[in-house]
Amino acid sequence: MTTSKSKKQAPDTAPVKKQRGQWAEVWHRLKKNKGAMVGLTIVVILIFIALFSDVFLDYDTDVIGVNTAERLQPPSAKHIMGTDEYGRDIFCRILYGTKYSLSVGVVAVIIALLIGVTLGAVAGYAGGPTEEVIMRFTDIFSSVPNMLMALVVVAALGQSMFNLMLAIGITSVPQFVRITRAAVLTVKTQEYVEAARAIGLRNYRIIFSHILPNCLSPIIVQTTLRVASAIISASSLSFLGLGIPAPDPEWGAMLSAGRRFIRDYSYMTLFPGLAIMITVLALNLVGDGLRDALDPRLKD
Amino acid sequence: MYRYVLKRLVLLIPVLLGVSFLVYFILDLAPGDAVDVLAPDDATQEDRERMREELGLNRPLVIRYLDYMSDLVRGDMGESYLSGQPVWDSFIEKAPNTLLLGFASLVVSVGLSLPLGIYSANRHGTWKDNVSMVLALLGLSIPNFWLGLLLMLLFALRLGWLPSGGADGFASLILPAITIGTGMMATLTRTTRSSMLDVIRQDYLRTARAKGVSERVVIRKHALKNALIPIITIIGTQLGGILGGAVLTESVFSWPGVGRLIVDSLNSRDTPMVTGAIIMTTMFFSVVLLLVDLLYAFVDPRIKAQYATKKGGKSNDNKQKQKASA
Amino acid sequence: MNGVNDDIVLQVEDLTVYYELEEETVKAVNHISFSLKRGETIGLVGETGAGKTTTALALLRLVPDPPGVIKSGKITVCGNDMLSLPVQKLESIRGKDISMIFQDPMTSLNPVFKVVDQIAESLEIHEKLSKTEAHEKALDMLETVGISRSRGGEYPHQFSGGMKQRVGIAIALACSPQLLIADEPTTALDVTIQAQVLDLIKDLKDKNGTSVIMITHDLGIVAEICDQVAVMYAGHIVEHGSLDEVFNHTLHPYTEGLFNSLPNINDRKSELKPIPGLMPDPTNLPEGCAFAPRCEYATEACKTTQPELRTVGGTHKVACLRYDETDFHINRGKKHG
């Protein structure tokens, strides 16, 4: 009885809290999540580093400048993460590399978001043969494993930073299509959409101003988590020599280069990997926190 | 049920064609073609055109694709630019190694994540639960090629307990399998936990307890079978990750599998090998996904019933068709 | 009430159950006591949220913990002290001596097991039957509740709501329990099915001499099958007595309110008189009588002093301060004289 009681009470209390504003409420819940706050702090710092790396680091000297006198030095006060086989400071390179990983992750996901959300919204809203075609195509697309698809795209388009973004972006499209479609299908039947249709709004207006805003939660969560996995994918491809080419300090590429020296200079593989992991972990923490904050019902 | 399986197998054909065409189509976008590789350096533009004609390279894409597929069905995927060996032979030689590795990592991840997820769910909110969830999140965030390198560094290079590469017996399987399995294990542990937490609150578990079923049986029999449904879905979606992980891990551990074959061929621009290996892998993968899909029916009677009444096809397919025809 | 009586199947003394949530405590059940003899049926009546289901779950020691905590009390089922039993012994009593029919048949059956197996399970556990024997007996049970044996191999989703509730009854009665708790067994069902299910419970009870706790908010059901009635409000028993005492000599204003909210078939012009207001928030019960804010008879004293359940004659008990006044009576009482 009390279980039904608590269920019954939820709608009574919800409107009261709603007065705080939906996003303020989400922020309030997110703030209480320590993991998400740690993640968010790290993400903000990383964004800061990425934006201003050109200000405090000189690309030609600090990042790719060869200094044979100081090659392969272990971590010390002068080079806190040591130097690589060209005598470049690994710490500087990792700092500078932040912008590659973040921008690939973000741009790739924006590409996926634009294509995926549009297709998903159209499929969910239009239904019928349009939906059928989009969903079948999505099915076929997603039955190619992500990594293979990325390899195929990179192989076809050639190796460059933008192609890397495109390759990873394309592989993330199906997820966004599915999530958006599912959300739209749920929202579509709500009465306010019926009402919008009844007053004669155009389809695209209904989709963009009435349906999509109400599908945001799952899309936001998926976006955050996808940026994390896109960063892993990007560094994976670079690790395989198919991503951002040397001498740019992409973390995966640095790892790949350091690998040859793993036996004697393991710090060269240690730090770039740590950088990837911390970045991805931070994004995952934020994503998890957002999911709980946006949909408290999902929270255990 | 048998009719359903048969029908799904038949429906697989368009998927296989779709997947292989997609890959063929994208790879065809790559600049350059066989003639650039095969023609001698001093060949004139006319010589090259003639070669294209002979090789059938200037026919429309769809014709070339159908031609490729009809050869493929007969076990002919052309020859490697690099070694001159038939692509089919190289693929068949490497495939068992990747299968073995994939299976081993599946066993590692499922074997560890189910108990861990259940354990966490049963101790929901305690520090033990929190620790395993933090570990799972770490497992999710660690790039697996890096994990592979770390494991190699520790267990092969420093401690010398396990070989650092190659495919030579059971010992050489351990590190690669853990490397690939970790990501899936993390995801599966989280899924198992949340799915168990979801099921634990269901009324039918209370019914079971009220019957006098012991707590152990309630969890292992009544709850787990229900929780398995979303778990199987995730296993299905994660299999692609295993394959992707294989590409990287095989490179890290010099494991002679399909993943390494693909990467090496890509790096040496060996197009027939890349095309053949990727098309074969994706088609195989589609078959595996179908098997996972069929597995559902054995766990969830509701899905089986849906199949039985609708005679194949996902339920919403039929609904869509009805809507479309109306 | 005191001493061990073989005839007493269930004895509840001073039972208090709270749900201790992060920020608040739900006082679901507060100091309730009652007992039940062999073959007797008690109706637990009250609005949703009055603590009826929590009481029932407490009897089986199945209150979800966390957040549920049995704060105090003693529950004796067939001579077993339920609250201090080791878990293993408890499991051997659940489903055997005491069993329960749940409110929502849609969610109470496990979707992935065959119906017959769900009935057979308790037989296998308690009667130590082999798989095939249990299976046979489960099919018999299915027949007893009016479902063809041939449907035993089906899954719950293939059954209608009424049939699922019959399966629920079959599960509960499989081992012929001495005490059956029926938690609003008909609420989720169509009116026509309600009567069938009720008849079924009545038949089985008469045949086996089972004691029944009938949890309901439907006074019609109570009138039909109960021997004694306990009216619950905000986790308290506010009135308790035999069917005749509670129905024909109603004492508590809340019970009166329940009767007044029923449409009267004989006098269709009579106005329904719903009880004004809502049940108080169980996390924040009023200091005095929980019903006082809605009670037309409430005095200042009612708002500050908790009424005790007191015997007013025979087995009839009421928790209302106004009965301190010798000449106090509620309107309904006046009518019945």
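Letters A, B and C name the chains as they come in the text, with residue numbers starting at 1 for each one.
One rule holds for everything that comes next: a residue touches a chain if its C-beta (ideal position, glycine included) is under 8 Å from a C-beta of that chain, and two chains touch if they have at least 3 such contacts.
All of these numbers come straight from a predicted model, not from anything done at the bench.
Novice: Based on mean C-alpha positions, I'd like to know which chain lies farthest from chain B.
Specialist: Taking each chain's C-alpha mean as its centre, the farthest from chain B is C.
Novice: Please find the two chains that have the most C-beta pairs touching each other.
Specialist: Chains joined by the most C-beta contact pairs: A-B.
Novice: Could you please state the distance in Å, as a whole number, between where the Cα atoms of chain B are centred and where those of chain C are centred?
Specialist: One centre to the other, that is 53 Å.
Novice: Per the centroid of Cα atoms for each chain, what is the distance between chain A and chain B, given in Å?
Specialist: Spacing between the chain centres: roughly 22 Å.
Novice: In the complex formed with chain B, which residues of chain A make contact?
Specialist: 127-129, 131-132, 136-137, 139-141, 143-148, 151-158, 228, 232, 235-236, 239-242, 252, 255, 259, 262-263, 266, 269-270, 272-273, 276-277, 280-281, 284-285, 288, 300
Novice: In the complex of these two chains, what residues of chain C are touching chain B?
Specialist: 57, 60, 62, 87-88, 91-96, 99-100, 102, 104, 107-114, 118, 121-122, 125-126, 155, 157-158, 168, 171-172
Novice: Which residues of chain B touch chain C in their complex?
Specialist: The touching residues are 202-215, 222, 225-226, 299-302, 305.
Novice: Quick check on the complex: what are the chain B residues that touch chain A?
Specialist: Of all residues in chain B, those touching chain A are 15, 18-19, 22-23, 26-31, 124, 137-138, 140-143, 145-146, 149-150, 152-153, 157, 194, 197, 239-241, 243-245, 247-248, 251-252, 262-263, 266-267, 274, 278, 281-282, 285-286, 289, 317, 320, 323-324.
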